[in-house]
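Both complexes below contain subunit A, partnered by subunit B and then by subunit C.
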Partner chain A sequence: MLARSGFRSAILGLLLFFAAGGPVAAQDAAPEYTIKATYLYKFGPYVSWPSGAWPPAPAPLKLCIVGTDPFGDVIDRAVRGQEVDGRAFVVRRLPRLDASSGCMIAFVSGSAAQSAAEALAAVKGEPMLTITDGAQSARDRGIINFVIRDNRVRFEIDAAAAAAAGLSISSKLQSLAVPLAGGVG
Partner chain B sequence: MLAAGAARADVPQTPVESLRSLSLEELGKIEITSVSKRPEPLSRAAASVYVITSDDIRRSGATSVPEVLRLAPNLEVFRLNAYQYTITARGFASPESANKILVLVDGRSVYTPLASTVFWETINPLLADIDRIEVISGPGGTLYGANAVNGVINIITKKSEDTQGALADGAVGNKERDGGVRYGGRFDGNTSYRVYGNGFDRRRTDPVGSSDHTVDAWEGGQTGFRVDSTQQADVYTLQGDYYSGHVTSDANHPYGENLLGRWTHRLDDGSSLQVQSYVSDDTRRLPTLTDDLRQYDASAQYDVVLGRHHLVTGLEERVSKEDIVSTNSFFFAQPIKTLNVFDVFGQDEITLDPDWTLTLGLKGEDYTYTGFEPLPTIRLGWQASPRQFVWSAVSRAIRAPSRIDRELQANGILVPSPNFQPETLTAFELGYRAQPTGRSTVSISTYYNIYDDLRTDAFVHGSTLPVVLSNGLQAHTYGIEAWGSYAMTDWWRLRPSVNWMHKVFSLKTGATDFSQLQSAGMDPDIQAQLRSEMNLTATVEFDAALRYVGDVYHELISTPAVKQYVEADARIGWHVTPAVEVSLDGSNLLHAKHVEYNDPSTTPERYISRTVLLGTRVRF
Partner chain C sequence: MADTPLLSRLRASLAIALAIALLLGGIGIGTYGEISYRAQKTREVGVQADIVASIVTAALQFDDRRAAQEYVGALAANPEVETAAIYDAAGTRFAAYMRSGATPPRAVPADGSRYESGMIVAVSPVLENGRRIGSVYLQAESEPFYRRISRYGLLALLVTMASLLVAVLGTSRAALARANAELGRRADALDAANRSLQAEMQERARVEERLRQAQKMEAIGQLTGGVAHDFNNILQVITGSLERLKRRPDAPRQDRDRGLTAALTAAERAAMLTQQLLAFSRQQPLMPASIDVNRLVLGLSTLLSRTLGETIRVDTRLALDLAPAAVDAAQLESALLNLAVNARDAMPQGGRLMIETANVELAAGAAPDGDVPPGHYVRIAVVDNGLGMTPEVLAKAFDPFFTTKPIGRGTGLGLSQVYGFVKQSGGHVEMASEPGRGTRVALYLPRADASDAAARDPDSVVSTPADLPHGTVLVVEDDPDVRAHSANLLRELGYDVLEAEDGAAALSILQAGPAIDLLFTDVGLPGMNGRELAERARRFRPHLKVLFTSGYAQEALVHGGRLDAGVELLAKPFTITRLADKLRDILPP
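Our next item is the complex of A and B:
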């Protein structure tokens, strides 16, 4: 039993204990989609699109959310003030994706209007960085696919799909990816 | 603090801006937190869930877990005195009847099988170390087991690697003093730890009755540790706590400790296996009673995705050994009793098509008192549009008989009730979550609950004592829980909520109830809140809340037991440096004192006062 004086001395002991240690920065836990929204715009600098694939600066970089939007205003707030090569981001929400959508980066989650697999098939080979969320099969998986590992948001990269789209993914980004599960397709 | 998407309409958020400075490597190290027994985006949770984040807790200025729970619009939180609270969802408030909410701390049940209740005064984690509190209103019997009838409160502390470094916080006010310290470090690259301790001193509340001279001043503290180790596909956690509290008048002295170990193994195919075990020992000394409860619990859970099916299966065994020595007129013929509960459950979440999800769950629970009880649920979720989610559920849940229900006796007053049956609930729920615009979110949950076999005090003969606890009461209740948020600007968010319910109770034919429907509890028909969160500058926050609680009625009395009231809370916080925060917090600002609850059969009626607290939190 911890009488009044008892818990005071317990605190005193802790104070002595942590006085001996050094400070360590801590990042608190964050909601999944806040982390994913941050990834979305941070991938850009590690990907090279074929020259001429997109309108030149200062035209903004189009980041599309296709189908169900899990982000809400978090993605809009995430990209506010963010730039890649001096170009700002603009967020577009689309029910369907096709080659004329003009998205440099497309987060594809699918909806009744168009499933993720249909959206991905519609832009296969286009110079578009497709990103999916927890896809289990190759046909539902974009070039980058978010996965949860150890309760952390990580991602897979489908290098073959990137090559087919004419995108070059930096080795730095590839080194951070987790191994692709379940075969390439 | 701004909320994210449709499906996460009700989830307060860590500001996305705060992640800007992180590298991709650092992003990959931030932990996300789970919602149900397996990680699941809240959006698709086919249940009424409200999540209180660590930032919400900090900004609330609250100094105890029950005060934090006032943030959840789907709960009823009433303070009885300096240390006791009654907390429930969907009705049945009062110390005796708020027995239908299951509370877990890092997977450890703190619901006592003695009285089917939660002793809130024994739960004192360092609030700064809480990652989030998930509040599920409605039945959770399939995943969480018996007693998750009207809701589940899941308190989840941060992993030790997320609490590295030293933290000290303290608050001083007109009614209380609080302080806590924590230090987190590393044994090696894979293994981190933290140790913490906190203490509090709460002053006596003012009595309402002139003859009430009881002293409820309350002091105590808690200390504990947590170690987490990640070895490739395996995660190990070991944690423990020790607490002690003391009412100055010796009316109540609870103390106890617990130790919990958890191992999670992730297999190559993406499935995972979790094994957890804990022991706890809780002792409570009252003037005429000493209660010692030891619990041993072991559980395993397997989680796998097979095509369209996401399966979670598991089993759990808990042994509760309790020794109650009573010197008052109520007693147990056998002071020592061991209760066993074994359950096995399976849940299949089936993706019917990209927008429709069907969840089928069944738990079978075998309990010493009752034998086998099935606890099924069916849940359907529909992503109606990118910004709208509709869900519905039908579930069965039970409140298992407590020792008091079955065995308590008092000569000439109460005879034991070896046939007392579980109280049962069949619940029908329908909910809607949406993000009407990029700035607004809304969540609406409705329910229709049918209760049977609720507890009554039946006369054994005619209409004279003694009584025997019986299952003579039935009820149906229905209600709406609605909350939302609206970002007025980038720096100002409003969170309105309203919680309305209606209850109808009826005694079964021939049933009598000497307790005058005590198990019905007393609830307000309506509660409403309006919370405002402002980031005035990059370093100054100003938060305020208006809370309305309607008249609280006893089922059989036409004048309210507690009159309706409006109260206000406000807090200003200043981040002097990134490591130092000071705050000034005021609670119950509109009245010098008011009564929140009145249940004379259990505790004397007390005033809850206006409080002002000066707080600080330092990291180094």
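Our next item is the complex of A and C:
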């Protein structure tokens, strides 16, 4: 009983901690990337792709990790069971990105094989939601770019890039975005 | 209109019921409005929560508390929102807005919008892609009290005023109807009272009529002894004279004539006496007419001097130019008789009774009781020098049934008759008395117009038989002695005479056709009475002159105390002089 009650207290404490808005660093082993991992698929419902951009259902939707993978299996676990319009996600890890990659969402971090800027340039104008992490310049920045504000994971949205890619991003999502820091790319 | 009290009560309760119904209706409308308002408000708050829930999805998904806080903070613009909160999937509060004093619940309440203790609470799920990712909690004041008051106040005011109006109108209408009904009842009661008053007045008039007659009879009763005495005296003279004539048939002519004259004079006095008694006792209504008071007093004084007794001297002091009075003659006689009887009773040892007449003028306010208009009056004063009255007795003297006389001597109605008669005639009575000095009663009678004075007195012309015409008279009389006597008188006067013992015989004589100038008939005949005889005779002799004679005013001739128009009557007993006068009137030479 004591052990059990202690466990519950811990859960409760954790919940309270979250509710109070504790620092990201304290969330768990790699809380920042855990959060970012869930965000990757959570963006899906707020983005509209041009019709016919993807193979028809029930083909799964591809979520690609391009270059260095900061998530590990966190992303695999996160997307398990997640669906958009009844279609499941499948995670693909790619060394390089190009127009034929067929990714609906691509997390671009760059690697020795292909820099983030090169990868982004390769799919420019493609109906692909590109996401970068902490990009400082317009070249390195995807349509969505993760930033840290007040110790919290936030994001920028490059509306012009999205429009160029033929994507429309929900105003709900746009309203959550932080203003673009590095100018329009 | 004739509203029954039941109807008016019904109307009042109907009005009150209507007012209550109106009030209830107003309350019902208000309640319905409140309920529907709440339902609408609840829906509104639910929709608002739904909107927030749909807006806040991204903020919840991406853990953006600031954005969520902005969303709920925006609800502050709505003053009705007390509290708004967003909870995440785990039920932890994510963002909250609260007005001072309000706190959102820690745990998420059940979904849905509802009304809870004056507040509207709505909980909407935040769904993302069909999954619940959190909850929106919204608590709104249903409406500030003052707003509700202002919303329902006007309605309540209108309904209350309408109800009051209906109630007031209804009750006042009912009150009016009640008042009307009451008025109607009062009018009925008044009508009934009026009818009974009229009946009472008629009854009173009848009783007064009877009372007057009784008073007159009472006065006569008072005089009966005196009359009997006087009559005995007269009879004494007549019988004495006649006996002397019978015993001495060969007496000298001078003696015989003296005896006959004495008997005739006595008989005349007797006739006058009975005439007066008859006239006095005749029952007749009060008929004010123009009266020569002096003549009436003179006639009465001769009666009184014979009837009051020998110890009482009756004197008169009459004004020469006395104006006629407008009074009922019989009642005036009755009043004077009553006063005379009182005077006699006040003078047991004898004394003097004085009757004075005078024209007087009463100035305004001269009459002590004040209800006599000023003007010219005829005053008759009856004065005695008897016992007099104390002021106490004097004060009550005119009260009915007040009497100082021993039982059997008077009813106490005498002076009240005097008073009643004078007042009814529009006159005034003054009485002065002093113990030991006597009493003076003065009657102030209203004047009549001088024009109709004396004209109606049948006895005013005295004439002697002269220039008698000749003619034939048919005498009808059932009493053979009286018939023979009348026939002798007529022959003496120079007429030719035919005789009949009844109506039938008279008619057969008339039909036989002799020239007859006058039918002289007794009224009281066996079988056909005199009047019927005259009517039948005139059928075939329309211009036949008729003179009736009667010992009593017969109903066959007299109606309402007066002779029928065109009827000539000679009352019995009559003297030859009066017969001659009458005949000369009817059959002018």
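Keep this in mind: the second predicted complex is superposed on the first by the 155 of 185 C-alpha atoms of A that agree within 3 Å, B and C clash if a C-alpha of one lies under 4 Å from a C-alpha of the other, contacts with A are read in each partner's own complex, and residues count from 1 in each chain.
The working rule: contacts are C-beta pairs under 8 Å (C-beta built on N, C-alpha and C of every residue); 3 or more make two chains touch, one makes a residue touch a chain.
What you are looking at is a predicted structure, and each value in this text was computed from that prediction instead of being measured.
Peer 1: In the superposed arrangement, which partner chain does A:Thr68 touch: subunit B (first), subunit C (second), both, or neither?
Peer 2: First partner only, subunit B.
Peer 1: Under the stated touch criterion, which partner chain does A:Arg152 make contact with: subunit B (first), subunit C (second), both, or neither?
Peer 2: A:Arg152 contacts both subunit B and subunit C.
Peer 1: Have a look and say if subunit B or subunit C is in touch with more residues of subunit A.
Peer 2: B
Peer 1: Would you sort A:Arg139 into first (subunit B), second (subunit C), both or neither based on which partner it touches?
Peer 2: neither
Peer 1: Of the partners subunit B and subunit C, which touch A:Lys42 in the superposed model: first, second, both, neither?
Peer 2: After superposition on chain A, A:Lys42 lies in contact with both partners, subunit B and subunit C.
Peer 1: Is A:Glu83 touching anything from subunit B or subunit C once the two structures are fitted on A? First, second, both or neither.
Peer 2: Only subunit C is touched by A:Glu83; subunit B is not.
Peer 1: Considering only the touch criterion stated at the top, classify A:Lys124 as touching first (subunit B), second (subunit C), both, or neither.
Peer 2: A:Lys124: touches no partner chain.
Peer 1: Scan A:Leu176 for contacts with subunit B and subunit C and give back first, second, both or neither.
Peer 2: Touch partners of A:Leu176: subunit B and subunit C.
Peer 1: By the touch definition above, which subunit A residues appear in both interfaces, subunit B in one complex and subunit C in the other?
Peer 2: On subunit A, the residues that contact subunit B in one structure and subunit C in the other are 15, 18, 21, 35, 39, 42, 46, 152-154, 173, 176.
Peer 1: Over in the complex, which subunit A residues touch subunit C? Could you list them?
Peer 2: Answer in residue numbers: 15-16, 18-19, 21, 35, 39, 42, 45-46, 83-84, 152-155, 170, 172-173, 175-176.
Peer 1: In the complex formed with subunit B, which residues of subunit A make contact?
Peer 2: So the residues of subunit A in touch with subunit B come to 1-4, 6-8, 10-11, 14-15, 17-18, 21, 23-35, 37-39, 42, 46, 67-78, 82, 93, 95, 110-112, 115-116, 136, 148-154, 173, 176, 181.
Peer 1: How about subunit C: which of its residues touch subunit A in the complex?
Peer 2: Per the touch definition, subunit C meets subunit A at residues 55, 57-59, 61-65, 67, 90, 92-94, 128-129.
Peer 1: Can you list the residues on subunit B that touch subunit A in the complex?
Peer 2: So the residues of subunit B in touch with subunit A come to 2-9, 11, 13-20, 22, 24-34, 39, 41, 43, 53-55, 131-132, 158-159, 162-166, 179, 181-186, 195-199, 219-221, 223, 230, 235, 242-244, 246, 253, 255, 266, 270, 283, 305, 353-355, 383, 385-387, 435, 438-439, 441, 487, 490, 619-620.
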